[in-house]
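Two complexes follow with chain A in common, the first pairing it with chain B and the second with chain C.
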Partner chain A sequence: MTVILSVRGLKKYFDVTEGWWKKEKQYLKAVDHISFDVNHGETLGIVGESGCGKSTTGNLIMQLLEKTEGEIIFQGVDLSTLSKQQLRKKRAEMQMIFQDPFSSLNPRMKVFDIIAEPLLTHLNLSSEKLKEEVLSLMDQVGLDRSYIHRYPHEFSGGQRQRIGIARAIALQPKLIICDEPVSALDVSIQSQILNLMSKLQKELRLTFIFIAHGLPAVKYISDKIAVMYLGKIVELTTKEKLFSKPLHPYTEGLLSAVPLPDPMLRNKKDGVILEGDIPSPTNIPSGCRFHPRCPHAQEKCKNEEPTFIAHEEEHYVACHFPLKEGVGVLEK
Partner chain B sequence: MGRESLLEVRNLKTYFYTEDGVIPSVDGVSFTIKKGETVAVVGESGSGKSVTSLSIMGLLDAAGKIESGTIIFEGNDITKLSKKDRRKLRGNEMAMIFQEPLTSLNPLFTVGNQISEAIKIHQKVDKKEAKKRSIEILKKVGIARAEKVYHSYPHLLSGGMRQRVMIAIALSCNPKLLIADEPTTALDVTIQAQILQLMKELIKDKQTSILFITHDLGVVAEMADQVIVMYAGQVVEYTDVFTLFKEAAHPYTKSLLASTPKIHEQTEKLQVIEGTVPNPNAMPSGCRFHTRCPYVMEKCMNNEPVLTNIHTRHQVKCWLYEEEG
Partner chain C sequence: MESKENQWSDVLVKSKQGHLKRWLRLLLKSKTGTIGLLIVLLIIFIAIFAKLLAPHDPNQINAAMMLKPPAWVEGGDTDYILGTDNLGRDILSRIIYGSQISLVVGVASVILAGIIGIFIGLVSGFYGGFLDNILMRIVDSFLAIPTILFALVILTVFGPSALTLIVVLGVTNWVQYARLIRGEVLSLKEREFVRAARSMGVRDHKIILKHLLPNVISPFIVISTLSVATTIILEASLSFLGLGIQPPTISWGGILSDGRDYVATSWWLAAFPGLAITITVLGMIFLGDWLRDVLDPREKKV
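Right after this comes the complex of A and B.
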């Protein structure tokens, strides 16, 4: 397996100082030193609650935001060493799919133009070839060819997401960052889109970074999952390990918070309900940033920040006291 | 079981009169809520869940009208009440919490102001006593620094805190019926778990009945006693929560269960319901699910099945079960 993307010590601090007269700058640490690798053809799920820095991470990789610090190495090349033009070419190999397919599609463009746009800007195709290409993309994502001259508002949320996907795969990218692509859709439509994405991944040997709020949404599509909390990755491992034996107390809490669709399990879950609110990223707790909500916190946790290390093979965690008997949810 | 019924909705039809024509958002819905019972209404967007609850609360906007049917609350048909009496009912016997509490809290008044106002009206106490009770109730809904929150404005609170405040306001009048419309959908999952836990504790104490509207089958499994599954404005299945998850009968319910992610199971693939929810001003003929149903038969296309008892307390609206009824 080859690594297609490496992220090293990535940081994004937003300057949120109010008032120019303030001497001391105030920073919002949206992404605070994260590192991970993604293998070619795999899916890395990134989950965490709102504001933990998932989208910022995606946007940094896509070069839509300027990083504060760190390295983003795509196909062996540190993206910050590239010239504008080289970067533009590399960027065609990375695409993005967004949560709200409506606001990410131009309402005045027809389906044809939306899907054709990236092809037009990057390739030199005859108009016949272009149309052929667009129609074949529509087939691939399950859009009826007869819709080619319709506008986005004439489609349902699920169909709009298909348009977004067709556009994203048009240039045969290697990596697609999917930022909550199904969160706004109904359950029955979510499964359609997830299955479509899995199918395309196999057919086109795509690598996905799949961002979502919750674990259920990433379960089916991910090989590995990174759990983020307040700008940090707190745990990163294979899906199986994460669901069956979490090491980080936050992951355990996140797992046990998911209401399971089986009333027989109602009061049988042994997990804990995490207390308290998520702190603001402008005022990050000292030591382990999870300590105010952590049921296992000890004195050390308040003062010393845990490092993100491999506790076992392929199982990274940032915690002074990784769980010995973490409660997962997978039935044995 | 043999509990008294609190609310009976019979053949409710609520239509909206729009420029695009008449939209039958709720089209013949019937169910009963007993005292102390939680009834969940589950369905996808546009299935008529919220319109059902707004009809019960008497909060439909000008375009919406209860076309026919009855809503019997403690023995009285409340669709016949005057606006004024409806409002009185709403303040005292029924309360509602919404998905986004910020829209239902007044941004110009402090939290304390809004709760104590509600308490002053409903419990007929003076200002000082109202404040005392407000702080008590804030503590009861799990707000640690109740004094501080009492003096805060809603926008300064987190989503979870705001929902706790909304619950505090809703419960301040000791309602018999609480309608909760996607109360945790906008919240993070660890906060959702806190709020669901809180709601369970509060109803255990007070025997409050709840109409719980959600699209999340996990939340249904966690909270409900009875479940109503809605599709395109109609009830397609209605039974107790255990039967629903074990022996769902309607093809739509079955598909919905099969396409719901289950983090506790080893399965690697999600099942899919093909197609999309029908457009409300172009409802399919016959069974409204026939355009997406894997079991569709000739008669489903033109004839509408009726909601039939397939077992005691298990109703299904589907031709597959019609004979057995």
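Right after this comes the complex of A and C.
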């Protein structure tokens, strides 16, 4: 397995200093030193509450935001070393699927123009070839060919997301960043879209970074999962390990929050309910940033920031006192 | 929000496909919109066919027919329905011919202002930062200059003519478009379809032309109809002050200005050209209000 993307010590601080007379700068630490690798063909899920920096991470990788520090190495190349021209070429290999299928498509463009846009930007196709290509993309994502001259508003959310997916796979990219691609959709449509995405992943050998705020969607599609809290990755491991034996109390809290369909199981579940809200990223708690909400917090947690280490093979965690008997979601 | 937006693009899309019926249905729903459109169409019709419609030569001086009152007033002549001015020229014919210049100046200056304003607004909003700051301060300083005063100075320096008038009115008006378009662009560029275009490496000018421009056209259309109305008033004011359209070219403001000395005794000299201006402006405003209701989801009453 080859590593397609590695992120090293990535930071993004937004300057939120109010007023020019204040000497001390205030920063919103949206992403605060995170590192991970993604192998070719696999899916990394990134989960966390809103405001934890997961979307910022996606935008940083896509070079839609400028990083403050760190390295983003895609196919062996540090993206920040590329010239504007080189970066534009590289963009053909990494695409994005967006959260809101209503705002991600230009209301004034027809389906054909939307799907053809990446092709027109990077390739030089004759108009017949272009149309052929667009039609075959529409087939691939399950859109009827007759829709080609329709406008986005004539479609439902799920169909719009299919258009967005067709646009993302048009250039046969290596990496697709999916920024909460199903969270704006009905539950019944969610599974259709997830199925489509995993089908396409197999067919096209895609690598996904799948950003979501809840575990259920990620569970279905991911191979590895990174749990983010306040700009940091607190736990990173394979899906199986994360769900069966979480090490970080925050992961455990997230897992307990997953609703279970069976009421009998629901009662047996002895999970932890997380108290309180996520603190402001402008004012990050000292020591371990999770300690004010952590049920197992001790004195050390308040003062000393835990390092992100491999607790066991392929299981990284940032916690002073990792759970010994982590309570996972009961396996069905 | 979402459904409103849908209706909004719905209207535009359908019209593009030639669904005139839909527009017509929407139009007929609104009384004022219908009236506005009819007035505007009527004025355009009059302006185009002025030669055929005018009963007399508008510049024909007739010493025997000086200051005739309108036909229905005592002493009026049925040949001169709206009466004559101090040189015996037919008021109706003059108003009919005057519509040409009022429309041309109104529309041309708005187009000029629109082109400058849309360009500056797009660039300023899209690139932001230092460039945006500079451009917006320029806009602010333009807003600080009283329009009439600025127009008077320019017209005095360059000499009054229809062309200078169009340029002056265009140059003073672009700022409002620039601000409007910039604001639209600021919100549009954070929308995901623009970010999508960026992430796939679409070049800046393509993003501006394909993603931003088509989405700022409808607010522009709304403001420009209203702005044609104010421009017609401004042109009339300048012509009234003697720095607008010069005789023998006839403009409504010019007719008003000609009749200035006789208004005390001959009310029709001022009343009818004034009425023509009022009706045209009202028509434009009605039409603009209706267009805003249809095109702009934010102003829409639910």
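The definition used in the following text is that the second predicted complex is superposed on the first by the 330 of 332 C-alpha atoms of A that agree within 3 Å, B and C clash if a C-alpha of one lies under 4 Å from a C-alpha of the other, contacts with A are read in each partner's own complex, and residues count from 1 in each chain.
Just so we're on the same page, contacts are C-beta pairs under 8 Å (C-beta built on N, C-alpha and C of every residue); 3 or more make two chains touch, one makes a residue touch a chain.
Note that the coordinates shown come from a computational prediction; the quantities given were computed from them, not determined experimentally.
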| item | value |
| --- | --- |
| Partner chain(s) touched by A:Thr121 [first = chain B, second = chain C, both, neither] | second |
| Contacts of A:Gln99 with chain B and chain C, given as first, second, both or neither | second |
| Comparison of chain B and chain C by chain A residues contacted | B |
| First (chain B), second (chain C), both or neither touched by A:Met62 | second |
| Chain B versus chain C as contact partner of A:Phe112, first or second or both or neither | neither |
| Chain B versus chain C as contact partner of A:Arg91, first or second or both or neither | second |
| Which of chain B and chain C A:Tyr147 touches, first, second, both or neither | neither |
| Residues of chain A defined as touching chain C within the complex | 62-64, 87-89, 91-92, 94-96, 98-100, 102-109, 117-118, 121-122, 151, 153, 164, 167, 171 |
| Parts of chain A lying in touch with chain B, wherever the complex brings them together | 49-50, 156, 158-159, 186-192, 194-195, 213-217, 219-220, 243, 253-266, 273-275, 277-278, 329-331 |
| Touch list for chain C against partner chain A, complex | 2, 5-6, 9-10, 12-13, 191-193, 195-203, 206, 210-211, 214-215 |
| Residues of chain B defined as touching chain A within the complex | 44-45, 158, 160-161, 188-194, 196-197, 215-222, 224, 241-242, 245, 255-257, 259-266, 268-274, 276-277 |
